[in-house]
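A quick write-up on the structure given underneath.
By letter and in written order, the chains are A, B, C, D, E and F; residue numbering begins at 1 in each of them.
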Amino acid sequence: MIAENAILTAIVVPLLGALLIALGGRFGPNIREAVTAITSISLIFVVWGMLPALIAGERPAVEVSQVLPGLSIAFKVEPLGMLFAALASGLWLINSIYSVGYMRGNKEKNQTRFYTCFALALSATMGVAFAGNLFTLFLFYELLTLSTYPLVSHKGDEATVKSARIYLGVLLSTSIGLFLPAIIWTYTAAGTGDFVSGGILAGKLSDTSVGLLLGLFVFGIGKAAVMPVHKWLPAAMVAPTPVSALLHAVAVVKAGVFAITKIIVYIFGVDFLFDSPNSGWLLYVAAFTIITASVVALRQTNIKRLLAYSTIAQLSYVVMAAAILKPLAEVGAAIHMVAHAFGKITLFFAAGAIYVAAKKTEVHQLRGIGRRMPWTMTAFTIGALSMIGVPPTAGFVSKWYILAGAFEANNLVAVFTIIASTVLNAAYFLPLIYMAWFEKEQEGAKEHGEAPFMAVFALCVTALLTLAFFLFNGPVIELESQVVKGLN
Amino acid sequence: MIDILIDVFSWVLLILGGVCVLIGGIGGLRLPNFYTRIHAASLTDTMGAILIFVGMMLQSGLTLATLKLFAIMLFLLLTGPTATYALANAALLSGLKPDTGSNHDEVEKEEPAE
Amino acid sequence: MIFVFAIFLLSLLVITSIAIVRTTNLFVAVMLTSIFSFLMAANFFILDAADVALTEAAVGAGVTTVIFLCALALTGEREKPRINGRKTARVAVAILASLMIYATFDKPRLGDPDAPVHQHIAPWYIEKTTEHMDFPNVVTAILSSFRGYDTLGEVFVVFAACIGVLFILGVPPPAQKRLNKVVEQNKGLRHHLIPQVVGRLVIPFIVLFGLYTQFHGEYGPGGGFQAGAIIATGIILYALLEGENKALQAVPRSVLLGMVIGGALLFGSVGVICMFMGGNFLEYSVLSADPIWGQQLGILVIEAGVGMAVCGALLSIFHAFAARENVS
Amino acid sequence: MDLIAHLPALQVVIPMLSAPLMVLLQPRGLAWAGATVVALVSFAMAATLAIGVLNGLTPQYFMGGWPAPFGIALSVDAFSAVLLLIVTGASAGALLAAKPSVDQQVEEERQPLFYAAWMLAMAGLIGIVVAADAFNIFVFMEISSLASYILIAGGPDRRALPAVFKYLTMGTIGATFYLIGVGLIYMMTGTLNIEDMQNRIGDVTDINPILVAAGFITIGLALKAAVFPLHVWVPNAYTHAPHMVTVFLAACATKVSLYVLIKFDYLVFQSRLVDHDMQFALFLMPMAILGILIASAVAMFEGHLKRLLASSSIAQIGYILLCASFISTLGLSASVVHLFNHALAKGGLFLAVACLAYHYRDLRLDQLGGASTKMPWTCATVVICGLSLIGIPGTAGFISKWLLISASLQIGPWGWFLVAIILLSSLMAVAYVWRIIEALYFKAPVEGVGPQSEAPIQLLAVTMLVAALNLYFGFFPQVPLELATEAAGMLLEGAQ
Amino acid sequence: MYIVVSIAILATMVLALTRALMGPSVYDRVLAANVFGTKTVMLLSVTAFLYGRPDFLDLALAYALVNMVGILAVLEFFQKRSRRKAELEDD
Amino acid sequence: MKLLELLGYFNYWVFAIVLMVGLYAVISKANLIKKLIGLSIFQSAVFLMYITMDKVEGGTAPIIQKGVENQIFSNPLPQVLILTAIVVGVSTLALGLAMVVRIKESYGTIEENEILDAD
């Protein structure tokens, strides 16, 4: 019972926080930010408090209301969602700390709206993570889109609004145009949309329909940024860096790949999908996205855009891992979400810190910056290495599992893609790192030091986490293995 | 005997009335201009009405119907001249000249608005 | 024979309607409309609809013409020709008309006694009127009792029109150009002697006849609505003869509005009283120990209400238009 | 006097008889207060009736105590209960909020007449909904139409007048067409009572007049309901009407005509015409689809807030018709639920418009910049109701969209095409709703215009209440859904 | 016998209608309308007898009364118009 | 006989034609008053249709005469309906005319196209 309440609490706490932040905004920034911090800490307590029960094999569930017959708002905790929730709640705290540094350092306007929407987004994320059926997932998925829209368009100038429109347009139109019919189709075919171990669609659809439905889901979940619905992600780069971090690491894109993984595992069922001849294309699409996005990233000159394309590639890792349809690969998919989150948040924090301290946004401006901002650049390096998958970083662990899964399935395409993309990742990150540490700064450059303490502190924490995950990943893997235990 | 006499008399009246009405109608169509047509209309109207209604009154005898017929006749007799007066007055006021002999229709087409 | 009359009159009707549409002088169109109305009424009469014919006469030829003329005086009477879009409209309308004519061949022929219309409900009404109300006019019986609820609705339509005209024309007209000129009071037709004399003579008869129609409605053609319209016509005649203001002095606006409101409420309250006395809404039988007398009483009262409301409403509408004329 | 048994009659009679009284309530504000009280009482009665219907009652009432095919009967079933709730609810809500806005737009001395017309419009609409007699529907249709002409003509802009005139001509043509149709049916069946028609129409041997009648009734009511190519009166009428009138009429006027249309098509014609589904498939469905697409597209490029919403209304009417034309339980319940939900969403949006209009004279989108800072609550309700209009989950609009798509999926491969259209138009809805939101939140305020404060609390409170209802019915749609399912069952049963 | 009379009246109605359609001046049309009205009154009276229901003479009576109001309204209309014309000329 | 049977439908034909003439005036005329006149013709046509169906061969107006046995009466119901409809027609007309008067005052014209041009 306590766990049931905890689910709802996890959703309500940030919501309440949002309200308090909105009110607190009237009494000054300190109170507002204190409320944010308190909220995020309490969220961590609530979410992480559910862990023991989950590891013990419990699956707490709660139904809030029956909207239509067979269509209810219900929540259920299972390992994938738990991992996502734990990750998001944890990173929110760090992100909040960083935000304080970044937003104050940058003297941004409308900060109350920023923190409020941030909390709202977190609430939606919790909903996505704990959703017990497709409808609930969809509900919070849309809420997440809507609550992040004001964040993306934070600056409010013409260009930002335009980009934010692309962000919203792509996400909403894919979700309404493809995701929603897919959900309704599922409900019509299976009579339910509950997430059940082993899937609910087995034997209920013809082969052609399976391929079509999978397509609707994959492209409908625009947040997963599988090409060609990735456009919104570079567009959203206009947002302040903490928002980018939220998008890339904490919530939004993670919600996308999380949803796809969850649908593959709990709606289609891995075995059913594996036996279906028309589902193999997903792997190729993901592989294509990985390679293409990496190549595009090679050509980027703006740091944040480069990171954005890197994210697109990394997300497709998760999708591809899920699409390999082997237990080890599914575990890999889950772990890669974590690994990528740690790595990418570090990179974004670093990019933001550079912007706050030096107002630099382009790759070529990074020459010699390592000497001025050693902490930041160290963290950046760790993050980049994790992206490439070099031990001892988190990226290595997840790639290992995905590769293992690929070999298990004898899927050479996947193997080749992983290797090729690793090379490409190295190709665009290593020169950057080299440039930052070993090249000379341009003459007459502006004098600057590190970013505000709060920001540097946050990025150091995430860098450490990236390293730590390499060493202490046992509990996570154990937890996620529960997901696929039924598979073998 | 009296009945037959009354019947015959009333029929004669009715037919005469019908003829009067018809003549009035033809006059209204054939006469050359407005003021002459007024004559045709009003004269035969009154005459025709009297003849027809008296004819009918004879038919219905002393009943409520006769009273009504009388009332109708009275009103027709009253309104006919009034209407004629009103129209002639209006036409005169707005400048339709009562020239006899010549056909004025071509000169004065429909009233221009305001 | 009578059918031949009907065919004849109907042909005239078609010709008149086409002429109305073709003429570009709105005044002429209004005159033709009144002819149209006469023709229509004659047709109704020939087709055994005496009550309807009386209504059409009282409304179509009298009140409608007067209101049209009032409006014309305010808006001008010349229609500007428009060229485009006519052909399509004509073709569309012609196609529709031929479709409808084609569809007539399955309808019951005029006067066919076996038509379903004459089999199902109508005989019941004719039979029950004597039984429940004990008066001869079946139309009045249906109008005020069997389908009294429709009539209540009708009264409220009239009420709506009345408050609508008052509302819409309640805005003062835009400022006039000739401000320095003293606006001449409308004297009506006071200096026309013949209409004066005749009119004055006729007005009492009109009102009397209206009252007759009102209270004789259960026995002959007529009823509250026709009576209201006829009485209103009489008072309009007075206004035409003596001028607006004189008429308003005789029957002020507030009284007219009071009549509308009172009439509508009278009708409604009869219904409500029926409810209180244990019947359904408008179930007059409960009004008295003897159901037949109860029906008759109820019908008498509601017809009075209808008459009041209609008379008041038509006069209010007339005055609203006419008053505007005086200002402009 | 058993009050409950008399409810169907009282439902009509109370607002109708209160109309003349309104005229008498002359001092400032009294007419408003009276009208509001009456509307609230009506709403309470409608709610009582709806509860009764949910408990399995179908109250019948015989006017004048005469038995059904001879006298006029009133009846309340699940379908009419939904409409009753919409009409009385919209009226009560709009009236509760109306005072500040109406005071601003209608001169004080004309207000008693205005509220009297309002009462008549409400009584007329209720009368249509509860009537079980085809001709009685016509009479009340005219009461409501005349009253709504008056209400719209109360708009302060002179453009209201030609708009109403157009509405008047088209509305009269529509009503007359309906009258012709009823006459033809009467001619062939000899009855005016809808239930009796339903029983007797099967015996009619000559099908042509019935077909013609179906055509006339469909076209006539489609005119009044603003079904796609016959909608031309809507944008101007809605735009130039007083804001509160727009709230009221947009929420229920066209829907009542749709109600009559659906009722006639299902109860009277369906059983007789073998190819009835063809009628829907060939005429109504394409019209609905075109209406959805074209009106949404128009709304996307419309620059005036009220016109934009009016265009969107036309598209939403298309949805309702589309669902109804599936001839399935799910489709019909979707239709009925959407009637309800759209009334909520559009009512809320127009209420918010009234709030905005309290400070903004010019309601073109490019004039509304910066509203969000001064009127945050109003703008929040715009967002919520806008999302409901789009059909975002968690709002009432989503429920109907869900049912709609499920219903289309039921009809086989064609359904996918319809789903595509529905989704496309939803995206268009995203586009136009987002244009409003962008205008309110992200445009810089225009120099010299703009509010200093929020809308009056009375207006705002109702607006927020409606927004809250949009959310509430997104999560707990049981009541409308249950009524709708029952209504669908009843209609389809009639069709067999 | 009534039939003969009614045919005569119908014929006159046609003639009057022709005049009303032909014009040429508006006064001709008004005159024709008036003639038409009185003929309708007569026709109704005669048909009432033809039907054998003389109680319907009420109708004819109503027509006779109403017709007059119509004509006087026209007179009033003309008078107003000429007055307005005069005022316009004054300005 | 054949001819007479055909003529039995004549009323409906007139109904159809007059109805369409009225409709034509409403949709193709620009003058608002002309539109209203068209509208009232249009409505009158419907009255004609209803009244046509009430007639019974050899029937008389449904006012029961005392002492006369076995009379056939025409159908009273359509008459009642049309009485109501006539009232509705006049009400609509009055309202429409009031609007036309106001339109003339605020636009200076009652031609539809000129009004459209003015805004």
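Here is the rule we go by: a residue touches a chain if its C-beta (ideal position, glycine included) is under 8 Å from a C-beta of that chain, and two chains touch if they have at least 3 such contacts.
Small disclaimer: the values here were computed from a predicted structure and weren't measured.
Path length between chain C and chain F in the chain contact graph, taken as the least number of steps between touching chains: 1. Any chain touching chain E that also touches chain F appears here: C. Path length between chain A and chain D in the touching-chain graph (shortest route): 1. When C-beta pairs in contact are tallied for every pair of chains, the largest tally goes to C-F. Comparing the CA-atom centres of all chains against that of chain A, the greatest distance is found for B. Core chain by CA centroid proximity to the global CA centroid: D. Inter-chain centre distance (chain D to chain F, centres taken as mean C-alpha positions): 29 Å. Taking each chain's centre as the average of its CA atoms, chain A and chain F sit 70 Å apart. Centres computed as Cα averages put chain C at a distance of 18 Å from chain E.
Residue positions 71, 75, 78-79, 82, 86, 89, 110-111, 114 of chain B each touch two or more of the other chains. Residue numbers of chain A whose C-beta contacts span two or more other chains: none are found. Annotation for chain E: residues touching 2 or more other chains are 13-14, 23, 26, 30, 32, 51, 55-56, 58, 61, 65, 67-68, 72, 74-75, 79, 81.
A complete list of chain pairs in contact reads A-D, B-C, B-E, C-D, C-E, C-F, D-F, E-F. Taken in their complex, chain E has these residues touching chain C: 3, 6, 10, 13-14, 17, 20-21, 23, 26, 29-30, 32-33, 36-37, 40, 43-44, 47, 50-51, 55-56, 58-59, 61-63, 65-70, 72-77, 79-81, 83, 87, 91. Against chain D, in their complex, chain F makes its touches with residues 19, 23, 26, 32, 35-36, 39, 42-43, 46, 49-50, 53, 77-78, 81, 84-85, 88, 91-92, 95-96, 99-100, 102-103, 106-107, 112, 115-116, 119.
Looking at the complex, you find that chain D touches chain F at residues 135, 138-139, 142, 146, 149-150, 153, 158-159, 161-162, 164-165, 168-169, 172-173, 175-176, 179-180, 183, 186-187, 192. On the chain B side of its complex with chain C, the touching residues are 71, 75, 78-79, 81-82, 85-86, 89, 110-114. Listing the residues of chain C that touch chain E in their complex gives 1-2, 5, 8-9, 12, 15-16, 19, 25, 27-28, 31-32, 34-35, 38-39, 41-42, 45-46, 50, 53-54, 57-58, 61-62, 65-66, 69, 72-73, 177-178, 181, 184, 188-189, 192, 195, 198-199, 202, 205-206, 209, 212-213, 216, 220-222, 226, 230, 233-234, 236-237, 240-241, 325.
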